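Next come the structures, one after another.
Two complexes are shown next, each including chain A; its partner changes from chain B in the first to chain C in the second.
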Partner chain A sequence: MMRQRKLWITVLLLWSLAPLLWQLYTSFCTHEALLQPLAEHNQRWTLDNYRQVLTANPPFWRYLLNSVIVGIGSTSLTLLIAIPAAYSLSKVSQNVARVAKFILLGAALFPYVLLFLALLELARSFNLGNNLLALSFPYAGLSMPLAVLLLLSAFRDLPSELEEAARLEGLDLWQRLRWVLIPLIGPATASTAILVFLFSWNEYPIALTWISRADLLTLPVAIARIAGSSVYSIPYGAYAAATVLGALPLLLLVLIFQRQIVSGLTQGAIKG
Partner chain B sequence: MIQLLLIPAALLIALVFGLPLVRYSWLSFHADSVLTGLVAIPNHGANWLRLLHDQRFWQDTYQTARFATVSVSLELLLAIAIALLLDQRWRGRGVVRAISLLPWALPTTVMALGWRWIFNTPYGPIEQFAELIGLQPLNILSNPNITWLATVVGDVWKTTPFAALILLAGLQTIPNDLYEAFYLEGGHPRAALFQITLPLLQPYLLLSLLFRLAQAFGIFDLIQVMTGGGPAGSTESLALYAYLNAMRFLDFGYSATVMISGFLLLVLACLLVWLIFQQASHWREAIK
Partner chain C sequence: MNLILQNIGRRFGSKWIVRHLDLEVGEGECLALLGPSGCGKSTTLRLIAGLDQPNEGSITIAGEDVTTVSPVDRRIGMVFQSYALFPHLTVFANLALGLQVRGIAASDRKRRVASVLALMQLEDLAERHPAELSGGQRQRVALARALLRDPLVYLLDEPMSNLDAQLREDLRPQLRHLILKGSQPVVYVTHDQHEAMAMAHRIAVMRDGKIEQIGTPQELYHNPSSLFVASFIGRPQINLLPAESGIIKAIRPEHLQLSSEGIPCRLVYKEWLGTSQLLILESNRGPLRMLCASEISIPETIKINWPPEKEHQFDASSGERY
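Right after this comes the complex of A and B.
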């Protein structure tokens, strides 16, 4: 039983990591070593691929920076709008809340890629193209259903006596939220924030259509553009270096915030 | 007064989700392309008539349905296994759970590029291995019959962790006493899986199934970067076709028509799944 479990754990780890490790290996290989991996080579390992990616114009870290800007902007905007909305939904009647939840769940399930054309038209009519912070609006809108659902269940879990006591102490709505309720839903807020950040970091079709200036591309679009630029040649060492650099920030993020991510996803499933 | 706090969120959701659906429905009855100077002119259902006779649309519908069915089924089966494994108690479980979550967290385009290298002919590891054991080149990404299976692998790899986590949450809601009582009465562990675990997991299975089905139906990033819809259009999804219509052929009216029909097909598929789940629980009741 024990041995069998160890085997399955190993399989799971291999399955999850092997494609990533292969990229890591490729990114340090010389071109010759990639073309003939089994032959003898004078020089097998190199940092050239990283040098190439980091000194390209624009340099790769620029895309990382763009994605950080978009991620922080979208996450802040989402929380700013979702927290009051979730609080408000936790106060309305059962029936209204049930309808709202149903709509939110439906929107959360929606394959949002189908929305890109209408959103692009909006960007054109309000002149929001090529603006990193403007991306926060569609991203906040797309994350809103999940964010409100998660925060709503957190507000629901707070005992109502708590807010009653704060009201009797003479705190107005804003003070109650600021000093009593929001600190108490801290864990749910953290989970929501990290999920929204991940979504904005990874989002592709909207960033693809809203941003065309090379120095403003977010990471996923930059990677896709690298991929599209040379279908028939094989600069795969540089590709691999780019995927490693693109994966690294998320690797850290997942390892640091795994508890928040897991509780966010599972809370959403249990109470959604 | 408190209800006022809902307004910004409601407006944003209406703008991002509601408005596009209304706009597409309207656009799908208009010609709006380079030929009309990008001005919308009513064309009395010509888009819909064209859709009915558009072989490429039906080919893509078939491909999307095939892709979604196969990858979602594989994902759920694997997710059940992973969730059962992670539900047991063993040392290092937290670390393994974090690592198994990595594929889900990475940008799709990043790993789509990675997969293109892994499936590369003749330099990728799979082809190298095939050559080593004396096989003919597999041409994974240039053989129209098998390329879509490579995209399934990419999708399963990326999204299984998500489904596994939802099922894991479901497993943790099942009280342990149920199993203890079952074993006391001499039940076999495998019987427990079918008589306790899976039936009680049903709402979570349905949730992850619907969620994954919707996402797989809208598959776009992975296909665009990994295969570009090729070879010979064999991996082109509905979302990619809609995208190409808008961004490459600059035919917004028809692109909107494709998207609305994709949406309607998805709603149908979800209803079907839901009905099957309903039926399944009826049957189980009947057997008891």
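Right after this comes the complex of A and C.
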């Protein structure tokens, strides 16, 4: 039983990690080694790919920074709206909440690619093109249904006596949120924030159409540009190096918050 | 200081949870709201606390009509059934939070929390989180928070129900000492008649959103106004004889006695209770419970009787005292 389980875990790990390891391998290989992986080479390993990506104009860290700005912007905006929304929905009557949840679920399942032409029109008429923080608006909007649903279930799971005790102690609505409720839904907030950040980090079509200035590109668009930079060859090495660099901040984020994320995602799954 | 409820009514949709409820709790008095679950006792407590609004009637605390006053301005010291301690804060922070938001200066806050911690013998636990405390310790923290509130009324919602029997016995004198010595009225919600009798000066027995009877434990025990109160108060439960011409006779187990004349019974089994024994009897009037001194040896078949003045009579259809 045990041995079989270990085997399965190994297979699953290989399945999910192999593409990443391949990417890592590719990023350190010379172009020749990549094209003929089995032949003898006098130079197989290189840092050239990273050098190329980091010294390009504008340098790669610029895109990283752009993506971080957009990510923080959309995550903050989402939480700023989703937390009060989820709290209110946890207070209204069951029937109203059910209708709201149904609508939110519908919105969360709606394929957003169908919206991006309309969004582009909006960007044009409100002059939101080539503005990093403006990109946070559609991102926050698109993440909102899922964020509200996740936070709503977190608020629902809190025993109502806690908030009542706080009311009797004299905490007003803002103080109850600040001192009692938001700290208690911390894990759910962390996992929601990561999901929103991840969406904003990976988003392509809107970023592609809203941003045209090279120094304002976000990571996915910038990486796609590297891939399409030459007509005659595909710079696999540089492409791989860019994706590795782009994945590092996310990896860091997940490592720091992994405990909150896991407990947030399993919240309500097991009754304490 | 006193608490007065006048004609209180609360409904959800068209269903009245409590209605036409009048209650007065005097200075320093402990009143127990006793009843089965769903009888409206917790709703009544929440209405007094201001956590819920009545649809009709008024609530007066210390001479002031507080029907529309917010919970915080009613100055309520409440102990919740789950204790409702803030799990992310230490014991000290749990107690200090309320003082802080009510604008008490930091040094004063510290002094007051320290003194109540000392009073409740919680000094060593000040830096612990609620999850690291035992049930009894949590209850003491919840009580300490209510004391710090310096309240006009104490509301206790099943404060003992999460504790084991031994701990309840131990905590009762402490609770009595801390809260009942004050001049505040205390409302104590419980479904445990034993606890209500032990703690309260008066008991209000509730059923279906109404007060069935209100009185001292002795009054309820010796003079129940209805069949419901008679069977709810007193353990082992009162004996009910089958209705005869519309009247149900009820006799407490300890008032049954062996006699040469009376209802013939067969002994089914005995429960030894220490100083007394509980006899479960089978008779042509149905099963009977009888309590007598444990030294008496009981033969297989006996005859039982009771003094007529110990007999309660109730109307079989309405359940009211006949």
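Please note the rule applied: the second predicted complex is superposed on the first by the 243 of 272 C-alpha atoms of A that agree within 3 Å, B and C clash if a C-alpha of one lies under 4 Å from a C-alpha of the other, contacts with A are read in each partner's own complex, and residues count from 1 in each chain.
Convention: a residue touches a chain if its C-beta (ideal position, glycine included) is under 8 Å from a C-beta of that chain, and two chains touch if they have at least 3 such contacts.
This is a predicted model, so every value here is computed, not measured.
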item	value
Simultaneous placement of chain C and chain B on chain A, clash or fit	fit
Which partner, chain B or chain C, touches more chain A residues	B
Which superposed partner A:Glu169 touches (first chain B, second chain C, both, neither)	second
Partner chain in contact with A:Tyr112 - chain B first, chain C second, else both or neither	first
After the two structures are overlaid on chain A, angle v-u-w for chain B, chain A, chain C in degrees (C-alpha centres, nearest 10)	100
Partner chain in contact with A:Pro159 - chain B first, chain C second, else both or neither	second
Partner chain in contact with A:Trp179 - chain B first, chain C second, else both or neither	second
Partner chain in contact with A:Pro84 - chain B first, chain C second, else both or neither	first
First, second, both or neither for A:Val254, with chain B first and chain C second	first
Gap in Å between nearest CA atoms once chain C and chain B share a frame through chain A	15
Residues of chain A at both interfaces, chain B in one complex, chain C in the other	none
Complex contacts: residues of chain C adjacent to chain A	49, 51, 71-72, 76, 78, 80-82, 84-88, 97-98, 101-102, 145, 149
Touching residues (chain side chain A, partner chain C) in the complex	159, 161-162, 164-172, 175, 179-180, 183-184, 186
Contact set on chain A toward chain B in their complex	5, 8-9, 12-13, 15-17, 19-20, 22-23, 26, 34-35, 37-38, 81-82, 84-85, 87-89, 91-92, 103-104, 107, 109-122, 137-138, 140-142, 144-145, 148, 173, 198, 201-202, 204-205, 209, 219-221, 223-224, 226-228, 231, 234, 236, 239-240, 242-243, 246-247, 250-251, 253-255, 258, 261-262, 265-267, 269-270, 272
For the chain B and chain A complex, residues of the former touching the latter	1-6, 8-10, 12-13, 15-17, 19-20, 23-24, 81-82, 85, 88, 90, 94, 96-103, 105-118, 120, 123, 125, 128, 132, 157, 161-162, 165-166, 168-170, 172-173, 204, 207-208, 210-211, 214-215, 217-218, 220-221, 224-225, 228, 239, 242-243, 246-247, 252, 255-256, 259, 262-263, 266, 270
